[in-house]
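All remarks here apply to the structure that follows.
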Amino acid sequence: MSSETSLPSSREAAIHCAGLDVFYGQGTARHHAVKRASFHVCKGESFGIVGGSGSGKSTILRVLAGLDGDWQGDVSVLGHRRLASTAPQRDYRLKVQMIFQDPFGSLHPRHTIDHCLTEAMRCHGFDRIEPRVVSALDRVGLGRSFRFRFPHQLSGGQRQRVAIARALVLEPEVLLLDEPTSALDASIQAEVLNLLLEVRRDLGTTFLFVSHDLGVIAHMCDRVAVMRQGEVVETLAAARITAGEVAHPYTRELLANCYAAQPVESAEAA
Amino acid sequence: MAELLIEDLTVTYPTATGPVDVVKSLSLHMGAERIGIVGESGSGKSMTARAVLGLVRSPGKTTARHMVYDGIDLTRQDSAGWRGIRGRRIGMVLQDPKFSLNPVLRIGKQIAEAGLLHGVFKSGQARARVLEMLETVGVDQPGRVYDAYPHQLSGGIGQRVMIAAMMIAEPGLLIADEPTSALDVMVRGQVLEMMDREIRKRGMGLLMISHDLKMVAHFCDRVLVMYRGQVLESCAAKDLFQSQHPYTRGLLNCLPTGQNPGQALPTIDRKLIQETAAHHVQ
Amino acid sequence: MMLLRREWWLSEAPASAFQARCGRWYRVGLRTARSPAMVFGMVILALMVLSAVFAPWLAPSDPNAQDITQRLLPPGAAHWLGTDQLGRDLLSRVIYGTQPTLLIVSLVAVLSAPAGLLLGMCAGYFGGWIEAVLMRITDIFMAFPRLVLALALVAVLGPGIVNAVIAIAITAWPPYARIARTETRTVKGSDFIQAARVQGLPTSRILFGHLLPICLPSTVIRVTLDMAGIILTAAGLGFLGLGAQPPMSEWGAMISTGRQYIFDQWWVAAVPGVAILLGSLAFNLVGDGLRDVLDPKNG
């Protein structure tokens, strides 16, 4: 069963999930993707979910983002209860944003970067759109020259930065990250992760970070939930993973298989 | 023991701004050992693999002072010649089994085809040999997989099937281009273990191409680090972690490990690397 | 003037949305110019459009001016393409014939393509019972053979260009709906559509701002290719006397009346026939070339 670490009760909850069940498909092909998942994320915290494929980690993100509807359970985000039957409202959208895995798929191929960043702002009636776009591009480290380019003119790392800018421009309080660096080269990954750390430091955004890479999770997150085939098998502090003090055998197996989580110096023992 | 000897391999592509060398003067000499080629995207590592197998399509051009495998000159082969080399002498395993397996043929048929084509066995023995091969690569229910179609298989089994299809023709050299990148971390370990066992058993050579430096360092005997078409460093795998080359160190250090959580990761200064690479050529 | 400099159009870092859009169209133009077949097709189309617009100035004589003494003359100095059975100059009639042809083709395209596209996109995006109902409606209309339905409609409404357009348009839209629905279903799951939903964009925005630009190229290509067939269908209706009515010089009707003279005065039927051939060919070539030019991979 999961082993919860004790939480400071004074901190407000950003995401609270209890007994979440998510299903895919209809009739006989109905697949139980997430089984009674429970976790709790405090405001300003960086919470990781790690697991292999089919573990249901991305599914949880999609439910929180309001993209999938076939779920049941007790879910509340920033104090408001979510219901499976109703689509998220406008103010939910302004508080919860998402960054997707594939930098090549998450930007519309026919929209300029400028369009991409300003469209949502215009739809939600933001003011002073021009300075917001400029400062968003600056914050993610892209110069003005990128503003009117098309996605195919940008590299993977640059596209992911645009995706981050797009998410941040609506000033969300919670950022859902679905393997944001899995498709990137190691050095680009480092740059994007640094950017994400900076964003969190400057804006105090709550992160829900999903990855299959234990090294990335251990680096980016405070606490981690380990998932396997739809179930949360363990929840622990990231530092314990790095120290190897894991309780569940699956986590131990994950750690053993993950070269990345092992520090460089000890690898030569193999 | 069949050896692969490459000297001064260059692959050039014409672009709007002039010809670009995607692989520059690569040299490599290997026998029944495991060589890893590591690099980021655009480093030319996959192009190298394609060049060895004559898969560089026009307008790309492959030139090499020497490129010989087991006495066969790989620079002077026509399509008939390649048919006898690809699969039979040199096998290739690619990243995503979904793209390498024919979606409308059953698995058993595809693997058998490879063996029959290269005359490794006759049609009467085909089914038995294929089932044996599937079991060797660690497939749990060979009979079920034999009759299955590629889309019915999970990633790990698909990759094992790919490896089975390649190994059934008994090549002496296997080129693996990101063979485990599309796989789950747990499955990755199992597939690598299986590859390790089979390669050792058959005395094959392995040319492993990957972006995952640590995985290659664990799995291979020697490692080549490539950047923008050039080999920046070539060393034994066990010495990789002590490497002093700025690019290799950069690649190693930029990986997050949880040792410094919340701290900025060191990144690679590309201008410095470009300068180093330019000096290296001279 | 910056607009005249090539670098402005091809700039990798455009400074405004206008420049970015111009750059894209310029690149499309460059790709078009590389395909000789497409350029040929576009030249013919341009000639047709110019003929239709400037017919009164281009045609050497009045297409309806009859002169029985000059009937059935072979192509020669006075009449470049000869005369028909009523002594009317064939060249002028062919030039004026571009008008009903282009009118029918463009009206059908304008009526059927947007309707089909919209229906298909809605079916693909919303799925469920909406998709089922819309697709069944599409199937029903697709089941009607075009010419038979045209005959039926004309029997009810009477012959004429407008009714011919209606008849063709009613059977022309289903393929666009099918294509749009398939593409929408494929694209619906992509991350950029999911991202648009997460950003809280209204559904109409997603449909028209995000899905439409993706579905549009295939539809444009399909419409262009279909135009060749529409020309033939319109000619067929004209041939049967159901389309443009005399004395309008519609090519199909011209072939129909030229049938009787085909052995000795072949030009009366052949000249409008070649015009139809060139028109269809032009649309085919352009549609085919558009496939490469509008390929999303080229941005």
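By written order: A, B and C. Residues from 1 in each chain.
As a working rule, a contact is a pair of C-beta atoms (placed from the backbone, for glycine too) under 8 Å apart; a residue touches a chain by one contact, two chains touch by 3 or more.
If you're wondering where the values come from, they're calculated on a predicted model, not measured in any experiment.
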Busiest chain-chain interface by contact pairs, anyone? A-B
Most remote chain w.r.t. Chain A, using mean C-alpha positions, is C
If you average the CA atoms of chain A and of chain B, how far apart do the two points sit, in angstrom? 32
Gap in Å, rounded to a whole number, between the CA centres of chain C and chain A: 48
Could you tell me the distance, in whole angstrom, between the mean C-alpha positions of chain B and chain C? 50
As the complex stands, chain C meets chain A at residues 12-17, 19-20, 24, 190-192, 194-202, 205, 209-210, 213-214, 296-297, 299
Within their complex, chain A touches chain C through residues 65-67, 88, 90, 92-94, 96-98, 100-102, 105-112, 114-115, 119-120, 123-124, 145-146, 148-150, 152-153, 163, 166, 170
Which bits of chain B are touching chain A when the two form their complex? 40-41, 155, 184-189, 211-215, 217-218, 238, 241-242, 250-268
Considering only the defined contacts, which chain A positions touch chain B in the complex? 52-54, 156, 185-191, 193-194, 197-198, 212-221, 238-239, 241-242, 253-254, 256-265, 267-268, 270
